[in-house]
Amino acid sequence: MADDISRFGAVSLDELPDDLRERIGAIAEKSGFVPNVFLALGHRPDELRAFCDYHDAVMEREVGLSKAERELIVVATSGANHCTYCVVAHGAILRIRAKDPFLADRVATNPWSVELTERQRAIVDLALALAVEPGAFSADDIEVARAAGLTDEEIWDVGSVTALFALSNRMAHLMALRPNDEFYLMGRVKKLG
Amino acid sequence: MADDISRFGAVSLDELPDDLRERIGAIAEKSGFVPNVFLALGHRPDELRAFCDYHDAVMEREVGLSKAERELIVVATSGANHCTYCVVAHGAILRIRAKDPFLADRVATNPWSVELTERQRAIVDLALALAVEPGAFSADDIEVARAAGLTDEEIWDVGSVTALFALSNRMAHLMALRPNDEFYLMGRVKKLG
Amino acid sequence: MADDISRFGAVSLDELPDDLRERIGAIAEKSGFVPNVFLALGHRPDELRAFCDYHDAVMEREVGLSKAERELIVVATSGANHCTYCVVAHGAILRIRAKDPFLADRVATNPWSVELTERQRAIVDLALALAVEPGAFSADDIEVARAAGLTDEEIWDVGSVTALFALSNRMAHLMALRPNDEFYLMGRVKKLG
Amino acid sequence: MADDISRFGAVSLDELPDDLRERIGAIAEKSGFVPNVFLALGHRPDELRAFCDYHDAVMEREVGLSKAERELIVVATSGANHCTYCVVAHGAILRIRAKDPFLADRVATNPWSVELTERQRAIVDLALALAVEPGAFSADDIEVARAAGLTDEEIWDVGSVTALFALSNRMAHLMALRPNDEFYLMGRVKKLG
Amino acid sequence: MADDISRFGAVSLDELPDDLRERIGAIAEKSGFVPNVFLALGHRPDELRAFCDYHDAVMEREVGLSKAERELIVVATSGANHCTYCVVAHGAILRIRAKDPFLADRVATNPWSVELTERQRAIVDLALALAVEPGAFSADDIEVARAAGLTDEEIWDVGSVTALFALSNRMAHLMALRPNDEFYLMGRVKKLG
Amino acid sequence: MADDISRFGAVSLDELPDDLRERIGAIAEKSGFVPNVFLALGHRPDELRAFCDYHDAVMEREVGLSKAERELIVVATSGANHCTYCVVAHGAILRIRAKDPFLADRVATNPWSVELTERQRAIVDLALALAVEPGAFSADDIEVARAAGLTDEEIWDVGSVTALFALSNRMAHLMALRPNDEFYLMGRVKKLG
């Protein structure tokens, strides 16, 4: 079963060091299941711990971009990178955060032309520029983002999220990481008022 | 001067929280100067701390790939990503680690065709596949690496280093991070016995 | 509302000529809703009629590839072409035809590396070669498909489906065609025995 | 000989069902020869019939773009797709329709930079955007075309012709379809008044 | 009229220095017209002279590749580079040298998949590798060419012709160089025995 | 040792014809060593002579672009073409001509986003457009260069240098030409006043 999760196998929750078992356990409790990425990265606790810390520093930041906007970046750049784990897992989170059952599939399938608000479009364009062809990134990309009203702190947020998932997408591709079945259905049905 | 370092300015060493000031200070002492990346990322101590932890977990690991091999991956993938800061800074480190004044420029200019040992070529090919077009990464890339004699632990090492510098290259592009002048000359003259 | 469907508006079912109204009406009855593509193409009944005829000749053929295999090609090439309408609509049909709630999202997100049977992989590789970079298509692609056991009739099937959706994807992009909401949920829950 | 025409052989005119034999026969009478595409597609009468119907709906339409403009799109997009059959066959038709012995070779060799009237350039740019990288097609492409004076009906025409030859180019690549020798010389000598 | 020839105008034959007037004059006498490239480059006699010398050293060499093979390389790489002047002018020469009225159009439209002899295919593949993506050129390309029977002298010939027309294609693009009308018809009609 | 220089070996200075031995000898005297390119091309004196003539006509021209600007183009386009010999050799010359120990590494690593003066940026952008994707070069590229203040003579200079090194880069890739060790250190230490 662990082989299904990753090309390099996976650990179980209780094989993790105490701090990580507690930390991932809390996530599992909230979600109802342990997202596979944690069990697959668990082979290397130091890398997993740094990954979690980086994730929290970037994705749980209280100021700047909204949480839905951060997930929008993750889904857009993971779509452009064809990363199945991140598209499926964060697609679920985006559906929930944005309270929209359709947005994630649209963004993941075509982040370049999906209809978005002007602010969302500026965020996604900046993220895609950095994610896909970083060598061509230039002062022009920054100027366009500023002209669309993004502050420098928000621009940094876009950059940090994009950079972290450039890492994360590549680890998932390396491992052929499989999304948990639970993610596929999450947030697909609009809650009644 | 701080503006020269990054599009978003930079902090000075003593603006950092204690733990980071101490940690970066130790690096500065060893190098003779503070590498700009730390001052530029210093705006966000949480991100800088996670970056340092991730860096150490991946680059300072005692087993698996040699340190010169890890730097080889950094220079090759940063060359492919046209990341000036990482090419110049880690090019210096590669010259020193590999005790070769020419290798870094060759690898950075053309990682695809630079003459390498068979093992180095397998490492670099795997890293480039993951760095440049992650969506096309497949079981074949893994098989080729295994056939060249890399163990699964070494393959993971290649993946981790590549993934971390996918992040790092993008942060450097975001900030238009400028390499310290000192890096350009380091390791260029062969030490006499 | 019609504007929501397509950049160029849409007709209603009863604005169609008799033969098409009857034909599309039968589809609507079976699905429970009128797929937007028919209302959007309805502006030009001659084109819509030819489209339906071509579709039936290629997708409803009784011999050769199975219907699930044909839908697999549609989802794979539409994913590669970032065509939201076709990915969402035919993703739903693939889930139903293949009796698999996960396959479509995996194929659409990354048709190049998704885990498939050997026969499916040969089909998808041939389709992607023709869909994405037709100018580089060569006798080698045919030879690889034959070596994997595909007959010439099946190879033609792969080609026809790929070619038809090269057309279809482009019409959908031209119109900014929006998928019906109903497609997103179809086939996501495994039926109990 | 039939093997010369297509990788999968070809039928002769009298092997076709009556309606198609009559329809293709009429074309042959007008041209002086049977264009190979009909004999090669003749293996599958249903597909050939739908192809002819789609072709007539799109290429013989009495309003909208002129016939020379439609052929211009075919040659430009087939050039971009490196489709030898369509470039050679429709290059001949373009020379005749546009009464210009040089235009087709120029357009096929470099549709992006060939000197054209402003209206022709707008048509070709729109067609290339949709033909070559459909995933990046966006509202901007439509806006540019409208700004150049194209009506929405004409924009649809550009899209339909482009889409049909996206299909047609791929069928020709699949079959390695060989152009009839007659096409190469047609329309190369300017008729005297 | 000179403006028709090149974006930067053109000289007339008698504006050239004596040696070049004589040299180009001899070519004109043989062809029946002055190929536009010479009048367009004539603005800079030193560059034109070096161009003619390089051309003769590479294209008129008595040993190694045949003249038809050299023209094959020119048409293939100029097709890949979408260079209208070189495709039209050297297409004419290839038709004559290869005594084949169809080959040039086929090669120019799709050098990657045009049917060729095994030796021609090896030549063209090597040329395309060097012409189109030189940074990825490697020892493997050389090995494949050697395995197909090309000698090292012939491989150098392929390289020289490709390199010279990498230069020539770019000068033609820079100047928007227009082919002489005469080239379009040359060699299109098979000579009777 | 000659095998180290090039995949096809190299000649020694005294194997060259008199005129070339004298010409290359003079360069060697000035540099303190014989640049490898001359020994590697020496197999074919006619090609080497034409190369030297072309080089002098383009690089030693007294009017138009400055010599540092010409070297800037060489380093930028050779960087984009991943040509190690030209980047290392002309990087050294650029450091000297521009009296800047850092510029060459920055330009070679990322010619698209390196910080330059407005005039330098216009020169490099024009050169990259022609070097990398010549088929897409158009009147727009010329207009942008003119708008930035470049004269038509300077634009031709940019084109000539770019075209010559399109040739030169490909010969170096063909031969796997190795840079002389001396180039790596030249111009790296700022001269004191």
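Going by the order they are written in, the chains are A, B, C, D, E and F; count residues from 1 in each one.
As a working rule, contacts are C-beta pairs under 8 Å (C-beta built on N, C-alpha and C of every residue); 3 or more make two chains touch, one makes a residue touch a chain.
Since this is a predicted model, take the numbers as computed values, not measurements.
Trainee: In terms of touching chains, how many steps apart are chain B and chain D, taking the shortest path?
Mentor: Minimum number of steps from chain B to chain D: 2.
Trainee: Could you work out how many touching-chain steps separate chain D from chain F at minimum?
Mentor: Tracing touching chains, the least step count from chain D to chain F comes to 1.
Trainee: In this assembly, which chains make contact with chain A and also with chain F?
Mentor: Per touch definition, common to chain A and chain F: B, D.
Trainee: How would the chain A/chain B interface be labelled, same or different, where same requires over half of its residue numbers to be shared?
Mentor: same
Trainee: With a Cα-based fit, what is the angle in degrees between chain D and its identical partner chain E, given to the nearest 5?
Mentor: 180
Trainee: Taking each chain's centre as the mean of its CA atoms, which one is farthest from the centre of chain C?
Mentor: In terms of C-alpha centroids, the chain at the greatest distance from chain C is F.
Trainee: Let me spell it out: compute each chain's centre from its C-alpha atoms, then which one is farthest from chain A's centre?
Mentor: E
Trainee: Please report how many Å separate the Cα centroid of chain C from that of chain D, as a whole number.
Mentor: Roughly 24 Å separates the two chain centres.
Trainee: Just curious, how far off is chain E from chain A if you go by their C-alpha centres, in Å?
Mentor: One centre to the other, that is 51 Å.
Trainee: As a quick test, compute the distance in whole Å between the mean CA positions of chain A and chain D.
Mentor: Each chain reduced to its C-alpha mean, chain A and chain D end up 44 Å apart.
Trainee: What positions in chain A touch 2 or more of the other chains?
Mentor: 82-83, 110, 112-113, 135, 137, 139, 173, 176
Trainee: Which category does the touching pattern between chains fall into here: line, ring, star, complete, or other?
Mentor: Shape of the chain contacts: other, as it matches none of the listed patterns.
Trainee: What are the touching chain pairs in this one?
Mentor: Chains touch in the following pairs: A-B, A-C, A-D, A-F, B-C, B-E, B-F, C-D, C-E, D-E, D-F, E-F.
Trainee: Which of the residues in chain E end up touching chain F in this complex?
Mentor: The contact residues of chain E facing chain F are 7-8, 43-44, 46-47, 49-51, 53-54, 56-58, 81-83, 130-131, 134-137, 139, 142, 152, 155-156, 159-160, 162-164, 166-171, 173-176.
Trainee: Help me check something: in the complex, which residues belonging to chain C touch chain E?
Mentor: Going by the criterion above, the answer is residues 135-139.
Trainee: Please give the residue numbers of chain D that touch chain F in the complex, ascending.
Mentor: The touching residues are 110, 112-113.
Trainee: Under the touch definition given earlier, write down the residues of chain A that touch chain C in their complex.
Mentor: 79, 82-84, 87-88, 101-102, 105-106, 108-110, 112-115, 173, 176, 181, 184-185, 188-189
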